[in-house]
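The block underneath contains the structure these notes are about, expressed in structure tokens.
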Amino acid sequence: MADIRRIGILTSGGDCAGLNAVIRAVVQRATYGYGWEVVGIHKGTAGLLSRPVEADVLNLSQFTGSLLRMAGTVLGTTNKGDPFDYPMPDGSRADRSTEIVEGIRELGLDAVIGIGGDGSLAILRRLAEQGGIPLVAIPKTIDNDLGDTEVAIGHDTAVEVATEALDHLQPTAASHDRVMVLEVMGRDAGHIALSAGIAGGADIILIPEIPYRIASVAGKIDRLRQLGRNFALVIVAEALRTEQGEPVAETKQSGDVHYGGIGHYIGRRIAETTGAETRVTVLGHIQRGGTPTPRDRLMASSFGVHAVDLIAEGRFDRMVAWVDRGVIDVPIADAIRAYHAVETEGALVRTARGLGISFGDD
Amino acid sequence: MADIRRIGILTSGGDCAGLNAVIRAVVQRATYGYGWEVVGIHKGTAGLLSRPVEADVLNLSQFTGSLLRMAGTVLGTTNKGDPFDYPMPDGSRADRSTEIVEGIRELGLDAVIGIGGDGSLAILRRLAEQGGIPLVAIPKTIDNDLGDTEVAIGHDTAVEVATEALDHLQPTAASHDRVMVLEVMGRDAGHIALSAGIAGGADIILIPEIPYRIASVAGKIDRLRQLGRNFALVIVAEALRTEQGEPVAETKQSGDVHYGGIGHYIGRRIAETTGAETRVTVLGHIQRGGTPTPRDRLMASSFGVHAVDLIAEGRFDRMVAWVDRGVIDVPIADAIRAYHAVETEGALVRTARGLGISFGDD
Amino acid sequence: MADIRRIGILTSGGDCAGLNAVIRAVVQRATYGYGWEVVGIHKGTAGLLSRPVEADVLNLSQFTGSLLRMAGTVLGTTNKGDPFDYPMPDGSRADRSTEIVEGIRELGLDAVIGIGGDGSLAILRRLAEQGGIPLVAIPKTIDNDLGDTEVAIGHDTAVEVATEALDHLQPTAASHDRVMVLEVMGRDAGHIALSAGIAGGADIILIPEIPYRIASVAGKIDRLRQLGRNFALVIVAEALRTEQGEPVAETKQSGDVHYGGIGHYIGRRIAETTGAETRVTVLGHIQRGGTPTPRDRLMASSFGVHAVDLIAEGRFDRMVAWVDRGVIDVPIADAIRAYHAVETEGALVRTARGLGISFGDD
Amino acid sequence: MADIRRIGILTSGGDCAGLNAVIRAVVQRATYGYGWEVVGIHKGTAGLLSRPVEADVLNLSQFTGSLLRMAGTVLGTTNKGDPFDYPMPDGSRADRSTEIVEGIRELGLDAVIGIGGDGSLAILRRLAEQGGIPLVAIPKTIDNDLGDTEVAIGHDTAVEVATEALDHLQPTAASHDRVMVLEVMGRDAGHIALSAGIAGGADIILIPEIPYRIASVAGKIDRLRQLGRNFALVIVAEALRTEQGEPVAETKQSGDVHYGGIGHYIGRRIAETTGAETRVTVLGHIQRGGTPTPRDRLMASSFGVHAVDLIAEGRFDRMVAWVDRGVIDVPIADAIRAYHAVETEGALVRTARGLGISFGDD
């Protein structure tokens, strides 16, 4: 049993539904279960670069009830800036990892719980190694692309929001004889598009793991027409590239505004090829802020409790994971390595094909 | 009491939530209450241009339960093509109103119920006059810009969807210190942006009825920062123009794909002016297809029943309306004339200002 | 213009969705608009009976975003104990109104905003008169039985929750050939049952304003069967009495537990009379805690802002109201008098009858 | 490869969300994938007892879009009557299994897909053995008590509805200083109560797998009070018994009306023991009819496709199952045997205890 009195917790990378449920579980378990103090670090690693460090002792008394149900993270987060290669105001890059480690020391923490996706966890692990900081990791990513856990926090809610978007688009598509294209999140992988596409009744699912041709997409739309269907639903992962494998030219960055792109590309190509009246929706950040599903809350609660228990047992450098109806833990390093793209011969792709859904590859 | 045996019903213009509830109410009232036959005309006036006319006798037996709860319109609709100035394949324009009137005659209808917004109702009324067709109108428009009725079908649901979008954007905005811009529907008026903006906790509401300056918008964001708020929610009606009053250059039509524009313009201008990390979401067609709210279903049911009763009483050329907790009816001509933009000194604008919401005009 | 520096606010009677949105609007308008201090009084009048008085100065900084979206009241409320006839621990009754008035004086308030239904507002008004306290009232009641305002806070959300319950019961009723009875709130009036019944597709609506006979209810179920419908949805207001006009014997109070009753009575009578497999659901307190609908938030915001403005103008003893798309205000006394039961010949009852819904009276 | 031309499908036992999604997937896979005919058998085995058999060939053309999103089963179902011990009108019991087998033969089916819980599947398997009918099974049960599959259709949606009920009860509990008791489904097992209790923020979870004492429940409520919490949320599985292990006396059957019981028992005991104002809600059939969650739709689609594929491969007497992110299949007999009660030392119970939730056993 490790001698612990005070632990830190931070959320890192893009926010998602369920982070607050993790924080609540950690504070409850650590405070009531072990009598520790829990320090919330603000804005991920960015809060550790400020001086004084941005952090405060968490007290659950005020938000017990509602924190569980709120999307986002009360700690704040950031997805800008790898501390080992930090973008400086003058445009240069600097290694600021030492400052981060000092920040953690300044807080007098006996261990740290880091919540993040594969990128964030890799950085946190490197920082922990460098500074000798006992670290436990909790996986979160709406993309669900971590291999060693069946569940990462935030994915279930993102799929729900994307599915509801298809539910909303279907009647208006049918009323107007339209092709509706929905672009959903998934920076590297097509998990959200695949799951929401099946659950929301898409006719065509385009994901980066499966190369597509517009001619094949158009062919599917034609076959639907021949079957008497007057509309089509197409779901597209934002990570998709053009037919030629290029990132979409229309994705613009002006100031700091971010534009969706691939959805509009696909929509335009479909309109040109099929002549169908086509409309495009880029779902965007709405996917992050949905009310956490019960499943995301349940997983978040399980992960938070188990992460605290790992600290109590002195078992560090491990990530909690959900496998076969239970919480386990695995080495962080393994979890990061085990990247989980959509398996192109996996159960869900086979299900989709079995339902007659096209991936634009036939 | 008119001698009625067979009536027609059509939905016209953009689809919205509640249309099916109207259709259900009309069929139930006409069939069970009066013993009439109800003919559903497909795709609005477009179905009347086909030969044979696209229409069939409606039979409620199969969808009694669920039709009430489904968005869209089982009849289909169109918002392309004023029959008095119809776009022909060769690029010319033609008056096809005679064909429409003949189509209605072919169906042997004693009266027609037309469901539409101000544009559609004006066309339907002109057709009815020309052809001597007894017409009763039911107002629907997500914009809610008809003056003689407090309620038009579809608006309440559109506001709910837009409000939920703000509910989803708020936690992610707060987690990342961002300005979130949401572009909502409202082709001519700012009603959705105004109502959803208040209900969803927006800080800034930009609508076409109130001229704005980006400097004022930026000033509001600065004042929020000074109060310790790290994020801002901005809602924008699609009918808004640039600061100089121009339609947004970025709105593109390529093939038949439609792009949102003004939201991205506002987002870019905010990012440039304030330096804030800004994200833009164009809500798009998701607003049309939400599950009808109870209020939309209630109004739709009331309108459908009353429209049938008007036919039974032989009172034509009238539009049903909701005023002071009750259904009334008004001359269609009056209703079309009484355009209802957002009243810039009205109750909701005063409420918004009272809450400290900025319209970008101070 | 009244000389105001510090106002109080309390919520009274049963809680409902939208109360927090009112509180938020009041604090924002009073603090940012006029520079006043706002004191939140806890637990309605009960907080004013404690010594020291239970209250604190409200500071919106911590809950700006989410308070708008949360049901319930952060101030707490009570619906036990008329201070003029207060139930004492020894079982006796006492007039404690003087203590309440002293409590308000102790807080140094220049005016008070009271949020409540007709019962609470009558008590608050009497207290205000007795103590010379400038009072402004805001109507809330899930029952919507106040005559001088088209809208009271909480009703729209309650109708939504009840409608969703019917939406959930319909498929299971249809799958099992069942009669489903849903008992909804409405202590005195049948508004929720009527609106949710129409919106949720009920076949039979039983409300206290319309006397019913079980034979008529059974007759309707038989007619549905003859039309090929294998199930029926029945919605019942809790204020309903037995066929003989008695309160339901099964409503029990044991300890302080409250049981639904009339729904089970109706269910048993239907089962006995028709032989149909019947299931009863008593929706209960779930109706109070739904996420406030956009409309409830919008009305709440409008009422809150206007109530503060009334105080600024020195116009007291008035209740804010919503009439004809706008906020007005009326004498509290008038509003209490104008009780608004369901109009048995009103628009919604006529709509329901037009849809073939039975009230058990034919 | 089996020589298949025509298969049957039936839903058996209590309905739940996701059944229609299974039916849709089966029809799509069988019709478009293999060119078979699919016969829908009405009302579970009851439809096979009628003469002529109640069934029809399924044609997906009319409900492609919405069937996926609708709760219930368009085939109808029954949970009355084990055909091997069938309740006859005269009160006697009869073995009617031969009639069922003859009914299936009459339909000329090459194989049957049966969707049900453990009870239904055991009966179907015995019928299949007796009649030599090739059978494939799909697990559905809101209780999730089948051991060989991580997922059964309907559970995820039932948990969502129960969680939302707690979300609704929390604010009203907090506003009124109340103990709220929610009785949820779970005829034999406590899975719904456990998952929804954690996800919905319950303070106390009472399930049949863990013996409880009211004194312990009251003790937890007292400790919450001492921590400053003014309310408590209690969730109770309907399968719970009294403290003495008796079924609840108050559960009444009058005619065919079913009353909840254990929730009221627990509520009364808490009120008596703690003096807290207590309210009880029996959630009832609302749990069955929620809009299927994306996860239930996804699992349903996967199960439906895989079940058809099993038939195509001639692999019968097997149940599809979800294990480790994939669809597999197991012998039906094994699946029925592997009853899955809540593991009292399992991950979720440990999570709950880690969060400080009481099971009334300490």
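When the chains are written out, they are named A, B, C and D in that same order, and each has its own residue count from 1.
Note that in this section a residue touches a chain if its C-beta (ideal position, glycine included) is under 8 Å from a C-beta of that chain, and two chains touch if they have at least 3 such contacts.
Note that the structure is predicted; figures quoted are calculated from it, not measured.
Novice: Is the contact between copies chain C and chain D built from the same residues on both sides or from different ones, judged by whether over half of the numbers are shared?
Specialist: same
Novice: Between chain pairs A-C and A-D, which one is joined by a greater number of C-beta pairs in contact?
Specialist: If we tally the C-beta pairs in contact for A-C and A-D, the bigger total goes to A-D.
Novice: Find the geometric centre of each of chain A and chain D from their Cα atoms only, then give the gap between the two centres in Å, rounded to an integer.
Specialist: 31
Novice: Roughly how far is chain C from chain D, centre to centre by C-alpha average, rounded to an integer in Å?
Specialist: Going by mean C-alpha positions, chain C sits 34 Å from chain D.
Novice: Between chain A and chain C, what is the gap in Å from one C-alpha centre to the other?
Specialist: 41
Novice: Hey, what residues on chain B touch two or more of the other chains?
Specialist: 66, 70, 167, 170-171, 174
Novice: Would you mind writing out the residues of chain C in touch with chain D in their complex?
Specialist: Touch residues, chain C against chain D: 11, 14-15, 19, 43, 70-73, 76-79, 161, 165, 167-172, 174-177, 180, 230, 254-259, 264, 267-268, 271-272, 275-290.
Novice: Which part of chain A faces chain D closely enough to touch in the complex?
Specialist: My answer: residues 25, 28-29, 32-33, 61, 64-66, 68-69, 150, 156, 159-160, 163, 167, 170-171, 174, 195-196, 198-201, 227-229, 293-295, 297-298, 301-302, 305-306, 308-309, 323-327, 346-348, 350-351, 354-356.
Novice: Mind pulling up the chain C residues that touch chain A in the complex?
Specialist: Those residues of chain C that touch chain A are 62, 66, 70.
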